[in-house]
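You will see subunit A twice below: alongside subunit B first, and alongside subunit C after that.
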Partner chain A sequence: MVLGNLASLVYFLPELAVTATILLLVVLHVVLKNRRSPAAALLALLGTGTALLFAWMTPSGAGMGLFEGMVLLDGFAVFFKVLTALATAIVIFMSIDCAELAERTQAEYYIFLLSVLLGMFLLSSASDIVMVYLALELVSIPSYLLAGYFKGKGSSTEASMKYVVYGATASGVMIYGFSLLYGMTGSTQISEIGRVLAMGAAPLPASLAAGMVTVGFGYKIAAVPFHMWSPDVYEGAPTPVTAFLSVGPKAAGFAVLVRFFYTVFASPEDAGGIWKLSSSVDWTFLFSVLSAVTMTVGNLLAVNQKNVKRLLAYSSIAHAGYMLMGFVLLTAVGLKAILFYLVVYLFMNLGAFYVVVLVANGSRSEDISDFSGLGSRAPVAAVSLAIFLFALTGIPPFSGFIGKVYLFAEVINRGVYWLALVAALNSVISLYYYARIVKVMFLEDPTQSGELPVAFVPRVMLGILVVPTLLLGIYWEPVIRVAEASVKILTN
Partner chain B sequence: MDFINSHILTLMTFLPVAGGAIILMMPSGRDNHIKTIAAVASFLPVLLAVQLWFLYDRTVAGVNVASQFQFVEHYTWIPSINVEYFMGADGISMPMIMLTTIVSFLAVVGSWGIEKQIKGYMTLILLLETGMMGVFASLDFFLFYVFWEVMLLPMYFLIGIWGGPRREYAAIKFFLYTLLGSVLMLLVMLALYFNTTNPETGGHTFNMLHYMQQATHNAWLKGFDIRILMFLGLFIGFAIKVPLFPFHTWLPDAHVEAPTAISVILAGILLKMGTYGLMRISFPIFPDVTKWFVIPMAVLGAINIVYGALCAMAQSDLKKLVAYSSISHMGFCLLGMAALTPAGMIGAAFQMFSHGMITSMLFFLVGVVYDRAHHRDIDGFGGLGAVVPVYTFFITVAFFASLGLPGFSGFIAEAMVFLGSFGVFRTIVMISASGIIIVAAFHLWALQRIFLGPLNPKYAQLEEINAREIFCLAPLALMTLFLGVYPMPVLNLMSASLNHLVDVVKMVI
Partner chain C sequence: MANLVSSIQFSDPYFSILLLLVIAVGMSVGFVFLSQALGPKKYEPIKYSVYECGVDPFTPAAMRVSVKFYLVALLFILFDLETAFLYPWAVLFRDLGLFGFIEMAIFMGILLAGLLYAWKKGALEWQ
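The block that comes next holds the complex of A and B.
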């Protein structure tokens, strides 16, 4: 079913809520000038919460084309809208607690943040390549601004600059791929492109287009070799922004990657071949290599990092590699694993960054030595961080383990054993550097004296992030069912 | 009572961690309350173990026959991938469950002297006990794996926070080695999952007992090359835990740095998980590969025996000596299992039980002298026998038990291993037997250097072993002695299952 512009608005409430909030924030910005006020944060929180609620309540039946088929409202889109809105809400809390931002936090920060959220909403539901491109840019451009939010700080400016250059290049390559697809099929609709390609496409341009589109999406999810921007951006950007970039846009990147490739390049599973393009190039193998290289490079580079923020940046590259394991076969079961992993990743990764924010509030840097003795200086924060880090490693009984089991499972089921082995060994490598942080927190004496106070709100937030990290490691049936349902809608 | 009897394994597994949760909620500073709660939480499983002992039917085998498992609890956990909460006991797990409760309780009591952050310590040690109990009671591979990994975290912190000078290095080394073994196990587990079908439902399953029915394996899993790879994946995972040469290097570090009670648990229970895993999982699921792999296993066992003993001989640190002697003793388990004879298998399992007690005693005793002298250098003592006669008595008992003197359980176990395996691989057994002599040599030599000869005047005022320490040692010493004279109580417990296990492996073509 495809709806016209006006009829679509009813189904566009989450996006409208975000847009309205952005406009209100603009007004608030004018009113506030440069005065600091909690109003902006609260307004942003309210808007995000409303959007989250609307997204949650959207009837997620079969797909519905909105705005003449530019965006597709289906369970898959709803899943990612809820996920990204949740990430944004947590990041807003984190921003409120962040001392380095507090000096500069004005309405404009939240304008950028919510613009990215709007972009992510659109990216996860875009069903037209023009819309995909627009949404991707809507995510990227405010992200550049967020990365460079500390105008005076060299590393922040450098991060922003690097981000722009890489982003522009990746977008350029991607849109060239899109133009090839349009030329071959005469349509900008993703489903139509897939249908025409299925009738028999020239393998070379189709493969070329697929490769070019991969560059664009690979950049968003920070897969090696398109990851070069991410360590610098993650280190230079304000910590809440880093946390945001490593979860939100990455999730949205996976959403568009999955939707686009699954719609355009996947054959029905009962037809035997899963990748439609497999006749000319072994795409499963190519993406397996991409996945293996991404996780290995991410992990190896993380081993020697002294700055915890940078360390988590590399680790998030590695996690993109793990998640790609669910993508290599382009099967519904594998994609379901990605969705599930994104949920657990949201909690554990944002949780880890949350503690980094709290620690950096006291010491004004994220050096690993600032964490020494945290176990006695701030036990709640330290234990939470240990839980998040072990969850990221993938050790039971934490949720990260279950996420990895699902990712490994599909790869093993389909016989790509080497990739599973590489990923398993990567988990061991990752333990080494995650445990290093745990080591300085609990096994070393504090270098700074005195307790690190953790206020009430961050305590609650840590609790909110810890509980799902523990709970999803013990009972995860409801979440995996939702992920399954979301992917099923996509595959029909 | 009915509730207790029908959920006895669950209660034994989760009572300790429940105690840990209570401790966690207590205000810190009330050390005596914390210690009491920990002692109660670890003593209740001992009581339940006694109950288990009386209820256990010794005539049925278990191993791969689902209907013969006892104290079974079987619930669905995650229906979408058929993960089950499936617990049960048979003759392979029974002695290990008993041992776990006893050693854990004694370890908690033995940790009375810990002063640093007692709250965290007791919570972690109780969590550790839950993990160990769970491993021995699980019959679902997923559940088994979760418990297997749950042990790593408390162990890491217990070594890393309360350990000796090089504790950080030892803790992470232990963690990395074991995790490496476990991820291989995880891959094998998933491969097994996807290539077997549950005969009852037609879906995939994590139920170990289904894996043991070769009919559930699909064509891919019937390929011998694949089976070898999967067997080796599991084997490495378990070998790291045992630890078998060449995966043993984490053990001396971990043992030396760990606090006394943790060394006791590490040597007394954790090492047995490797051999237990082979018996519970590897042998019955891959009986054909097991037969193909017996010679390498026997050779590895022999290397462990001789090499461990030689390394122990070279040590000047008493704790390191005991650690290497563990490596040597665990070699007997492997040798006995590899023989695939009833005597060898029962000897191996009995060695696991007996070594669990003896090595626990040894580590307790090392801890006693270290607490007083603050070093463990064998040559740094001398003539202590005259100063601390009671302590000397206990350590002599433990050393003689450890070196396999007749009258102690270790002798019975090693004799059975040799009896069972001599007919199968003569040369290897003869080489292994030379290990016995080295083992005897380093024990006696250490004993002589510490307790005989002229008294080192520095230790003329050395404090005698106290009542709490005797409380930890006496039960173990008595059991070792009792089982050395009359081993039947434990042998009866496991013989039906182990005989059946040998049959399961032998019968396969």
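The block that comes next holds the complex of A and C.
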């Protein structure tokens, strides 16, 4: 079912709420006398909360084309809208607590943040290559501004510059791939492109287009070899922005990656959730290699990092590699595993960054040495960080373990043993560098004296992030059921 | 090689594009080498000076341009596009009725918020 422009508005409430909030923030920024007043943060939080609520309540029936088929409203899109809005809300909380941002916190910061959120909403529901491109740029351009938010700081400016150059190149290559697809099929609708390609397309141009599109999406999820920007950007950007970039745009990137490749280059074979390649493009092999390389490079480079933000940047590259395992299997179960892992990853990764923000508030740097003796200086923060790091490693009983079990189980079910072996070896490597931080926190003497005060609101927020990290390791059934339903609807 | 040549189908619709590609690349590369090979070679100091319409360059080419120019250019594009939308809307105003009016009012409202922002940020001032 495809709806016209006016009829679509009713189903577009989350996006409209975000847009209205952005406009209000623009006016607020101008009107507000006191630039540091919390009004902007509260308004942004309110807008994000409203969008989250609208997205949550969206009737997720069969896929519905909005705006003459530019965006698609289905359970898959709704899942990612809720996920990205949740990430944004947590990041807004994190930004309020962040001392390095306090000097420059203005309404503008939240305008950029919510613009990225709007872009992520559109990216996860785009069903037209023009819309995919526009949404990707809407995610990217405010991200560049956010990365360079400290205008006077060298590393922040460098981060922004590197991000722009890589982003421009990647999206240029991607849109060239789109133009090839349009030239071959004569349509910008991804379902139509997939239908025409399935009737038999020349293998060389189709593979070339798939490769070029991979560059654009791979850049967004920071998969090797398109990951070069991420360590520098993650290190230079304000810490809440780093946390945001490592979760939000990455999730949206996965959404568009899955939707695009499964619609254009694959088709559902039967009701059992098995897909097959519909054209001559064998992208699954390409992506299994990318997945293995991504997790190996990410983990190996993380081992020697001295800066915790940089370490977490490489670890987030590695996690993109783990999630790509579910992407190559051509089964609904594999996709379900990705969605579940994204939920788990949201809590544990944002949590780890939250503690980094709290520690950096006291010491003004993110070196591993600043974490020494944190166990005695700030026990709550240290124990929380230990939980997040062990969850990231994938140790039971934390939620990261369950996420990995689903990914590994499906890889082994489908008989891709080499990939499972690579991933298992990588988990062992990751234990080393995650555990190193834990060792520094609890077994080494503090380099700085005095307690690190953690205020009430950060304590509550840490609790809100720790509870799902623990709970999803014990009782994960509801989330997996939602993920399953979201994937089923994608096949329509 | 012979196999490759024999595999080319001259009736293929894309054959003319291949031909164009070969000719275009051949011409551009060919002329570079031709001028190198056939052209007279007279080396003088003046030949090595930087060329700027026949006059010695006054300043380095990589000059810094004030950001004010970009601000004005950006604002110009914004409001230029607005007019481009307003004209067809004005022509069809009666046909579009209330719906068209409200839609354009929202569009103008968004633009006005932007103008307000630019104004208060001092983008319109030229110190």
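Simple rule for what comes next: the second predicted complex is superposed on the first by the 476 of 492 C-alpha atoms of A that agree within 3 Å, B and C clash if a C-alpha of one lies under 4 Å from a C-alpha of the other, contacts with A are read in each partner's own complex, and residues count from 1 in each chain.
Just so we're on the same page, contacts are C-beta pairs under 8 Å (C-beta built on N, C-alpha and C of every residue); 3 or more make two chains touch, one makes a residue touch a chain.
Just so it is clear, the structure is predicted and the values come from calculations on it, not from any experiment.
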item	value
Touching partner for A:M1 - first (subunit B), second (subunit C), both, neither	neither
Residue contacts with subunit A in the superposition, subunit B compared against subunit C	B
Subunit B versus subunit C as contact partner of A:A102, first or second or both or neither	neither
Partner chain in contact with A:A20 - subunit B first, subunit C second, else both or neither	neither
Touching partner for A:V30 - first (subunit B), second (subunit C), both, neither	second
Contact residues of subunit A, present in both the subunit B and the subunit C interface	none
Interfacial residue positions of subunit C with respect to subunit A in the complex	99, 109-110, 113-114, 116-117, 120-121
Subunit A residues touching subunit C - in the complex, by the definition given at the top	6, 23, 26-27, 29-30
Touch list for subunit B against partner subunit A, complex	77-81, 145-146, 149-150, 152-153, 156-157, 160-161, 167-168, 171-172, 175-176, 179-180, 183-184, 186-187, 190-191, 193-194
Contacting residues of subunit A [partner subunit B, same complex]	390, 395-397, 401, 405, 408-409, 412-413, 417, 420-421, 424-425, 427-428, 431-432, 435, 439, 442-444, 475-477, 480-481, 484
